[in-house]
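Shared between the two complexes below is chain A, which pairs with chain B and chain C, respectively.
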Partner chain A sequence: MKTTGTYKLHILLFLLPGLILFIGILIAPIVMSVYYSLFDFHQIDGSDRVFKGIENYVTLFSRTLTNPVTGNVYENTKFLGDALVNALLLALLSTFIQLPIALLIALRLGKGIKGERAYLSVFFMPVLISTVIIGRLWMNIYDPGDAGILNAGLRALGIDQWLFPKISEGITSSTLKFKGQWTGFKETALIAAFIPILWQYVGYHALLMYAGVKGVPTDLLEAASLDGCTEGQVNRLIIIPYIKPILRVCVVFAVTGSLKSFDLVYALMKDTTKAELPSTLMYKLLYLHNDYGMGSTIAVILIVLCFAFALLISLIFRSRGEKVA
Partner chain B sequence: MKKLVALVVAAIMLLSLTSVFAEAPKTITMWCIATESDANRPAYEAAIAEIEAQYNVKIEWEAFENQSYKTKIKAAMADASTLPDIFFTWAGAFCGDFAKAGNVYCLEDAYKAYADALPAVMLQNASYDVDGNGAKPYAVPLTMNIVTLFANMDLLKQAGWDAVPTTYDDLIACCDDLVAAGIIPFGCSGSETWCVTEYLEPIIEKTIGYEKLNKIFAGTESWDDADIATAVDTFQYMINKGYFDPDGLSLGNDQVKANFIAGKYAFYQNGSWNCGEVNDAEGNFQVALFPVMNAEKATYGQVIGGPSDSLAVAATAEDPAFVADVAFALGKAICHYGYLAGSGLPAWTPDYDTSAVKPLVAAVADIVANSEGMVLFGDTAMSADPANIYLDYVSKVYGCAIDGAGFVAGLTEALPVAE
Partner chain C sequence: MTKKIKVKENKLGLRQELSVTKRKVTRVLIHILLWILVLINIFPLYWMITFSLKSNDEIQGYKKSADKTRWEEIEEAIVGVTGNATDIAWDSFERAIINTSNTAARKDPALSPKDHAAREEEIADIIRTNWSNIKDSISSIEGIFDEDRIKDIDMSNSDDVKAVAHSEQMTAIYAEIEEIINSTVAKEIPVVKEAPAKTDSSDETADVGAQSDAAYVYNFVFSTSDRVTNDQKRIMKAMSRLYQLQNSEVQDPWESIKASVGNMMGDDMKDMLDQPETEYVQPNHVGLPSELHWENYESALKIGKYYDPDSSVKRNTMAYYFLNSLVVSASAIVITIMAAFMATYAMTRLVWKGRKTMNKFFMLGLTIPIHAAIVPVYMILSRLGWLNTYQALIIPYAAFSLAMAILISVGFMGDIPYDLDEAAFLDGCGIWGIFFRVIVPLMMPAVATVGIYTFLQCWNELLFATIFVSDGKFRTLPVGVQQLFGQYTTDWGPIGAALSIATLPTLIVYIALSKKIQAGFIAGAVKG
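Up next, the complex of A and B:
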């Protein structure tokens, strides 16, 4: 009888193409990024590369730097801390606002209502639209003048009279007054970016959850109904636990997506400093500053964070006896 | 008869042989940023057609969007074999990095044939001392541009002003009159930081003088200057007085420009490449410069700008001397058509009829001809890392997140003088 050991060479040969692709496309770039993150260089061919060890990591997490000659302290414009806080805030908002909305839509549509497919298409449509177009669309919505539907609506209802001064009171990053410039201040820009992200991806998560809700065996639902369960109890005790693996995937997507978020913020605000995210800062350092060492350092931090959060979420969602994927 | 037929056949064969041995056009590859929507596109198309016929070459060119082009050309520099023969570049530190890496062909010899048509001063921004033997030119300038103060004379008239103010006190008085008349004096995009530099740099220049600002951008003098702090504070004073449209904080430059052309603002300070568009718009527009802030150190004729848009030849080009000659001829032709179209000022001395040049373009050309000093745009003059640190601070200035003292203190430490 031939054992697995007999076929070792065959197995290796068959695995080799996939292994080469996996190493070449995923592992090698990560290893290269880690390597580059240990250097300071501004020429793309690396001709001016200077080994810095973990100095890039320290610099990214330092709010201020010290001029080595004068000893004076100054603000570090490459500080990653604020961008990370913004990304985590986005992840929190995605998890606790976007996903519950998606779940409510999925539960409602999954029960079978008139025009179920049409509603699903409407909710999913923003996912199909290019993010750049969505950015442009929301730029128009946020337009501070009368062309912007948001401010025009607020003015028409008279809400701007008390809302704008209240927002102005909360603005500490500038001495200017808020007059409907939603993407113009640090305090409002992140929220202004989050709303289109919520709008764009709520349908995506709703579709995933809807597929899960539709997969719940009808006999379970009928049994619960016969036992006198209310709709809320059915949702809480049967459907939600049943679609837990899908919820886990949605949370992983929402959190890692928030950490990597780039395109919509960039399309909405050309100067991303007011809603800086790790990816926008990485882009700036790599392609505007030509600071390839620092850019690679942010890439490594993002990879580590995404893996760590994916693992953490899997642990949180782990059922008893289930292994972490 | 047979002899005649034989003669005709022989003649036909000879002709066909001539065509076989006629020199096939050489192919030259080129990258640029003259995309379909770019104001310079028609100038490129006309110039390329002219040069192809003149030099018997086929120019295979590709145009890329400005920002993505910066990434593409930098990536191509890592593997010089992927570079086209001719590529668009900005003068200053942008091209300097490529030249110092040995990827750009030196144009010192090729320039000699064009010295009469292209003043040497126009090559200064793209001249670098690569080998320690003095600065040599590495790029052919196309058009040049300066920061221009565009004024809507109809709106100024409504506020009681018949001319663009030329002194700071008059400008402030004019702005007060405009505000009193319900007109917003200035529009500036806050979501594109380079637009803020179009205001801040002239104010700094008109406070400390062009020579000092040139040295600061070159990294040979410190930012530590109380006058710079005063200039920044003056800019913020104007913002806080309501002279700038508050909506501008979250508007893009296209929207701000559209607002100005539509008559929402009295002034719009931006690059002279807008001249053609403003000239063609309905209304009565004039061009001027930002007034002097400190007459002891600066004069009205000092400008921000200069020749920056350029063509360079890759060191890897097959016949670099020939390609360099084509690049010069092409640069001259693009300048010619661009100037006539109003998409830039001539870096080359015009040797053609300029009576068709648009009035606003001609007015700016006149300002340049009488300029008393030039400082290249800060983000072009400085290399990428310091330029973007500088822009980060400029962004904070427009948002009033830091004052003049904070701006000076931060940049003094973040961008120390080169040793």
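Up next, the complex of A and C:
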């Protein structure tokens, strides 16, 4: 084509907008995050920066996280260990409840039933609705007052008396704390927050898997049915191995998504302490405590964990794939 | 040989038959699952739309207060029923009194919930034990009213009442009462524990005596629950006339009934009778709206905090946030598409060392969590002085959509034949000419897919929009909606409308282009 000098310049010019955006907003900030995570500072311009080394990382996992300015233990702030356990629990639930449901849907729809696209469109819809709105909807469902649809349903079924007996029946609030405040009660907040998250993305995974199932060559399926395979056998022996790459992607998305998950818990609860996740903890440290060093530390841990899990899952799938082949 | 084949066929046939029934069961189960999921997924939309068309009261539940006071209702019920068909009237009276007493018990702020229940029970007991007495006392009074041709005398006219109330009549009544008591039930008069309610003393000196007598009789009547005799009815009659006479303020005969009820039940009961009965109407959360309140949409668009005098634009309204969201999303889409197409062109069409590595480098962006970069991005934006501007959102949105945009573009651009480039080159096009005249026009399908993907990313984004923009001038719709819940928690209808306004654009886009959107998401996931 042209002489190499100007040619390279042109290439650079083509790449430039993308590179500026990408490096400026994605790559540089991550490098900066790693750098900031080694400091302790509370001014956004970094004027009071004190080098701490890896002390931030140690502090985050130790049980007493104190505010360096006042010397007080952070109120309403759980420790990263708890938040990580919660996130991993969410990842587990996501992988072993959400994905199987999605797979069932995909297998059924993928074999062609009436209106499969319509089903799929409906299932996918929650992904597109703003998390704020989904959070609001579930807040309404969980409402502890007369408004709550869940409690109203329990009342209609007569289970509410058993779960949270009425005060007039002699059981006072001191003897039984749980009165249907699903998102405000320590034991139920976590699962109450997880259910909407799991629900919202079932359709997303189902869509991906559906695309995979549709991509299975029909001659394979025909051959299988000629050989007398049952539907279960077709699913187990042909379709699932065939869509393994997509399953891998889904598992990676589910796990990393769980680790990063923020919006819904934030939208659902004013006080996220009862269902703390790493992202909400990070948000809290950054914007309630202005502890930018610690916030960056969590960010770095999150990035590392996401990459580590993505790699780990890929490795698991690869080794299994080789065994099958 | 033939036998063996037959067996095989049989086996095969049997197996297939079994699997058919099995399949049917599993199919039904899976269909049930599908439909449950469909319902759960449709529900938010249904809820949101019905919610947005309901009135505030319907959503929250409200206290419906009657037009008339309780007392007026009771009066109406009793007066309205003629002759002996008074059962309905009694029922409604009883209900009214029980409601009143319950409300009175509940209303006392000093009482704990447990005490409330006890108090309610107590009052209910009083009513139960005394109900027949009350009934009789009222029926006797009703009798008086009939006798005295209540309809002819205008009781609201104080002159008429005064005319009736003079001392001769009073003394006659006392005599009558005394006579009754002495002759019939004098022996059984129980100990008077408590004086009845104090009636306002009038100028007449006879009142002191009248009051104590009345109290005496009154207590007697009401403390003997089982002996409702004609005599007692007569005493009641006399007593109520006494009430009328001795208290010039009591002009309405019904006031005397009220007074007697009040005496028995306590003062707060009397107060309650003067207030309209309230009924709690349960909130209608799931049902269809009883009336369509389209004005919710209008007020949702107008929900706003202040009027900016500089620009004469009403800021901090949902309509304004909507426009902000449009500006931010549209700009981000344009920037993303341009940057992605240019980078893709450089990486797929132009031949140079390291273009594959560069592609992989961009693909790193798919795995980077958006939250992880917030602090540094915030710092960069604040250094640039971009906080609280449109570009504070546009640039990060574009950057975070870029990786996916490039991924999609690479797929689309790979489908454009290379012959076209060569032909254009031979016709004298340069690199830029080929890009703008050949590639970009052919990439229109990709524009749609990338555009939709970016739009969905930007339109619903919450975290960046919360943190990078604190000024209401640049606030986007999700943040606006989120804030609504803090500020205007009473305006449920408009909030529902605001939710719908925020969601409907995405839904319309989705319904119109669902295949393309799904294709975009699939492309992103499968290749990434």
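The rule is short, and it goes like this: the second predicted complex is superposed on the first by the 264 of 325 C-alpha atoms of A that agree within 3 Å, B and C clash if a C-alpha of one lies under 4 Å from a C-alpha of the other, contacts with A are read in each partner's own complex, and residues count from 1 in each chain.
Throughout what follows, contacts are C-beta pairs under 8 Å (C-beta built on N, C-alpha and C of every residue); 3 or more make two chains touch, one makes a residue touch a chain.
A quick note: this is a predicted structure, and the numbers were derived from the prediction, not measured.
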Next item on the list: For A:M269, decide between first (touching chain B), second (touching chain C), both and neither.
Entry: first
Next item on the list: Please name the chain, chain B or chain C, that touches the greater number of residues in chain A.
Entry: C
Check: What is the contact status of A:E231 with respect to chain B (first) and chain C (second): first, second, both, or neither?
Finding: second
Check: Of the partners chain B and chain C, which touch A:P144 in the superposed model: first, second, both, neither?
Finding: first
Notebook entry, point to check: After lining up the shared chain so the two structures overlap, which partner does A:L312 touch, if you call chain B first and chain C second: first, second, both or neither?
Noted result: neither
Notebook entry, point to check: First (chain B), second (chain C), both or neither: which does A:I44 touch?
Noted result: both
Notebook entry, point to check: First (chain B), second (chain C), both or neither: which does A:A156 touch?
Noted result: neither
Next item on the list: State whether A:G295 touches chain B only (first), chain C only (second), both chains, or neither.
Entry: second
Margin query: I'd like to know which partner A:I54 touches here: chain B for first, chain C for second, both or neither.
Written below: neither
Next item on the list: Mind working out whether A:G184 is in touch with chain B, chain C, both or neither, as first, second, both or neither?
Entry: first
Notebook entry, point to check: Once the complexes are superposed, what residues of chain A are shared between the chain B interface and the chain C interface?
Noted result: 44-45, 287
Notebook entry, point to check: What does chain A use to touch chain B in their complex?
Noted result: 42-45, 47, 65, 67, 69-70, 72-75, 77, 139, 142-145, 173-177, 179-185, 269-271, 273-274, 284, 287-291
Notebook entry, point to check: Which of the residues in chain B end up touching chain A in this complex?
Noted result: 70-71, 74-75, 77-78, 97, 101, 190-193, 239-240, 246-247, 249-252, 255, 383-385, 388-389, 392-393, 395, 399-401, 409-410, 412-414, 416
Note to self: For a test of understanding, state which residues of chain C touch chain A in their complex under the given definition.
What the structure shows: 12, 15-16, 19, 22-23, 26-27, 30-31, 33-34, 37-38, 40-42, 44-45, 47-48, 59-61, 113-114, 117, 282-283, 285-286, 335, 338-340, 342-343, 345-347, 350, 352, 358, 362, 364-365, 367-380, 382, 395-396, 398-400, 402-403, 406, 425, 431-432, 435, 456, 459-460, 462-463, 467, 477-478, 481-482, 485, 499, 502-503, 506-507, 510-511, 514-515, 517-518, 521-522, 525-526, 528
Notebook entry, point to check: Which residues of chain A touch chain C in their complex?
Noted result: 1-2, 7-8, 10-11, 14-19, 21-22, 24-30, 32-33, 36, 44-46, 101, 104-105, 108-109, 117, 119-134, 136-137, 140, 146-147, 149, 152, 167-168, 172, 199, 202-204, 207-208, 211-212, 228, 230-231, 245-246, 249-250, 253, 256, 259-260, 262-263, 266-267, 279, 282-283, 286-287, 292, 295-296, 299-300, 302-303, 306-307, 310
